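In what comes next, chain A is part of two complexes: it sits with chain B in the first one and with chain C in the second one.
Right after this comes the complex of A and B.
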């Protein structure tokens, strides 16, 4: 019996594991690493800032995608992003930043286990609404805590990450993105991939096949919100200032979702690529149209869903089955 | 004790608008099977229509109700025809993203054309109030509630007394079965989605009278509508009514009795939904 399982594992693994698949991803990271050293001209600082927020958007999208692979389409990403930001703001009063960062992420991860346990048996639309409600609850709680604790509706000042050095902050963000990508690859090329996919495609069947639903769903939640919270830390440490309305806004839950779908679901490169294209497009639009520049953004999303349902990754993989990276 | 009854009354009046928005959304989700995240934006269109007609043409907002309903019905039907119809068989995620895109599009279109300011509508009855013994009710609130009840009564009369209504309910229960017995499902979808948007617009007109019109006014109402239809159960068109009342009243209770209640009412509101959902899931109803 175990030999059969072993055999199927090797069979299902081999076609995925080609070195070539890593090339575009490695290329992306090389480019991103070289970006601050390019001759950017007078607007270097502005461009570096866009790059920073693009990378953070990539972290959020990819971490959302990891959760989505286990069939949990969450609207609670803003909650964990925000918990990361707030956790960092409060913890960095007591401990140095390199401790505050993982600790904040750990707290968000542990909170996500609670949410995951409660929403375990919900699916589809019910799950989405429950996670949305959870975000609102977290926001309201933080907003209504005494102002001396979490700043209330006015928000909190956050110490700048790395003394406000833009280049260093960018590399830190890139490191977090690399970590997220590595985790994503780890999920993709281990048994986790099969467990998540089985749960996504049919929970009953997965259970019959012996997949421990509870364990894998919670694991997906923990990984995803841990990484999302790191994104929140980056955001808080870059902007020096956070407030509940903005940090926990619905937009922060929707952006990773749209980015992943636009880029290509259940892939590692897709969400990163989607974040890059969408953030840059957004910035360009913002320069041309001041008010309501997101019009075109909405239109692009609608058109891509109608004509590009598999996202950007679908463009490169016409007819090829599976084997996404 | 008066305070208690005043609170109950306020909650009940508030739930009229909730029920309007939520019953529209319930039609989209239950009949068409589309989770319409742009629902609040159709409400926003209604609010701006009321504001525009009243500011530039001097039309009383309440007289613009039929016009708003009809024109947004047309917008909704068109939306269905050119976009929603093509993703009916796509994964749920794609449908959600499509309506997100639509919402972003409409919201920012309004932002681009009208700016982000809130616009208020002035009416002659704005400051009026009616007192019943110790209780007092704002005139606009009462009027809005009256209209909401009348429109909902009309909607449910159509749903339960006409052939079209029966077809809609049949499709909500079982779309393949409906198709098999010869119901033109595509037509039912078109009408249901149009009516759904029309209802949101009507609610928007009332919101413009009670609060204001702004590009983002729809979001809060859409979120609460989601909560309500989830509480009622997806596809349950009648449960929406009592769920709206429960939510409106409990919100009012929290606002009155919890210290600093204004800020907490949203959380309790969503906590209630959260609890309902979890309770439902552990009872086995999914």
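Right after this comes the complex of A and C.
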């Protein structure tokens, strides 16, 4: 109890732990909640589809960022995302979707503990390579399961989430994003923040400060992979089909990383904002520059990272610490 | 000023009420080579259709959308075509994953789909209960049926009994490999080697050594274009004595036919520019006239056939009523660059166009792909190296 009080005191002294800091995030969710009811005319259905995939991208980016806060720059996000998708596809044959969804995420979370334990002593590039190899291992295992179980290399059909109702699927995705944001805030404003930051800045120092490296690193892995797997469930239940090559592709590990960097690392709003801006920018470029829009998109991304080293959140920061939500 | 205004009004009037076809293609991403080829095929068909009076007396309109070879992009693009652009019919479709992803909205909006690609069996499952799904490309099981038919001919004519199989370890090579081996065995072949490889690794030394020891009559490999040259080099270097090397990559390396190592390697295609059918020659001439070159990608003529037959069905139906157009399209019986096109049931879908009999087997001979089987389309005899 005293620990909690101490943590609360520490947190309450921080300049950004004020109601005002939550305003942008609350506004985002209010807008997102109202989005399907906006008078968007003929474009409403189309924009709702874009919004769904934007929200999923936000879930992935923010879940990746939570792990990165503990200094673990992972390239295994595709593995957990894929485990969520496959777990859901297989479990939903036996249990209702609302059970299959958390169970699939739980499986991914438990598997992540294995990876976390194995890579405990690795850092930097070695850690990244190990996580990349882990994704390949998971992909190979899934692909070599009997075709009658996981579809083999052909892939398998997935039951539609919520009967394929686009609006209901969007609200479910938004609920998952809200959960991810709440978890992120919980990490940000509890002792976990200090523990993760200490580990990120130097494990030796963290150890001297009494931080249990093993416990916190594994916890970061579990939280991050659980949430990433929920993203995988949303994707699979939306697109009705998964196969090992695309589900476990490197792109699914890289996208959350670039999105988080673009939005602002170690923040809650940053990765969500990053996902929104990138997806909307991509769609606008796609509609107006039919050929070569990806070149323009890439250039915009590169320039943004060069000019905004702290991401989009850097634009809102006042001074050194303000607005680090 | 008055003239400009009048022209504007006339143009607006001429396109008012025009039939709109949405075309969803992978114009970027992994499948973009096929997607871009298909786009050219659609543009060529559009020219010809509109020169011949259009559809229902108006110029036909096409609305292209890029699915980026990704399900996450395909779904919004599909919904945009249907709800924002309000297309009357949908065409296109190359990748299986994107096609399955849009099966939900397609059923939700009861969209008429004249689909050219997406050969994987799960696509067939996804659209099994869709009333307006016309599939032009053969399903993947027809591909193997065609290969088995050809190999059976080699068994009879060349006494080919032993098959060595090399397949890449990704989805393309590995999918259904167990069924493939079982089917060869059931057909009376000895599968003397089944070896997987990592595509793009370039190291085929151990694999070819093993094949050499197995003494196959046919060396059958399933991989990508990047594997073709290293594999051919290793076969030459180790002097693998085999009747036929047969490969089924989705596309062959650019300029492969000009390399001597390609000599006598055989493969499968739905169409070749040298295909002897009259419709194929007409297509090649028209394509060359419009684009100044000749394509080897069969998605170009496939898209061309797709739009021409859809337009003909709408004209025959006399309107855009989906049931009437479906009935007209189902009754299609027309010569195409691939041979005659009719629609009949597949394992699970109602309207399947091309089947196993439409595949051509070719051999690289003298800097080109020469059809060698079926015999009626063969332009030169097949070279058997044993």
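Please note the rule applied: the second predicted complex is superposed on the first by the 302 of 325 C-alpha atoms of A that agree within 3 Å, B and C clash if a C-alpha of one lies under 4 Å from a C-alpha of the other, contacts with A are read in each partner's own complex, and residues count from 1 in each chain.
Basically, a residue touches a chain if its C-beta (ideal position, glycine included) is under 8 Å from a C-beta of that chain, and two chains touch if they have at least 3 such contacts.
Everything numeric in this text was worked out from a predicted model, so none of it was measured.
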| item | value |
| --- | --- |
| Clash or fit (per the criteria above) of chain B with chain C on chain A | clash |
| Which of chain B and chain C A:254 touches, first, second, both or neither | first |
| Partner chain in contact with A:53 - chain B first, chain C second, else both or neither | second |
| First, second, both or neither for A:306, with chain B first and chain C second | first |
| Residue contacts with chain A in the superposition, chain B compared against chain C | B |
| Which of chain B and chain C A:243 touches, first, second, both or neither | second |
| Chain B versus chain C as contact partner of A:143, first or second or both or neither | both |
| Which superposed partner A:294 touches (first chain B, second chain C, both, neither) | both |
| Listed stretches 117-125, 153-161, 189-197 or 243-251 of chain B, narrowed to the one that overlaps chain C | 117-125 |
| Shared chain A surface residues [contacts with chain B and with chain C] | 143, 153, 291, 293-294 |
| Chain A to chain C touching residues, read off their complex | 42-46, 49-50, 53, 56, 143, 147, 151-157, 160, 164, 166, 235, 238-241, 243-246, 283, 286, 290-291, 293-294 |
| Of all residues in chain C, those that touch chain A in their complex | 27-28, 64, 66, 68, 71-73, 75-76, 79-80, 83-84, 86, 96-97, 100-101, 103-105, 107-108, 120-122, 125-126, 170-176, 178 |
| In the complex, chain A residues that touch chain B | 68, 73, 118-126, 128-130, 132-134, 136-137, 140-141, 143-144, 153, 250, 254, 257-258, 261, 265, 289, 291-295, 297-302, 305-306, 309 |
| Residues of chain B that touch chain A when the two form their complex | 29, 35, 83, 86-87, 90, 92-94, 96-98, 100-113, 115-116, 215, 219, 223, 226-227, 230, 234, 260, 263-264, 266-267, 270-271, 273-274, 277-278, 280-282, 286 |
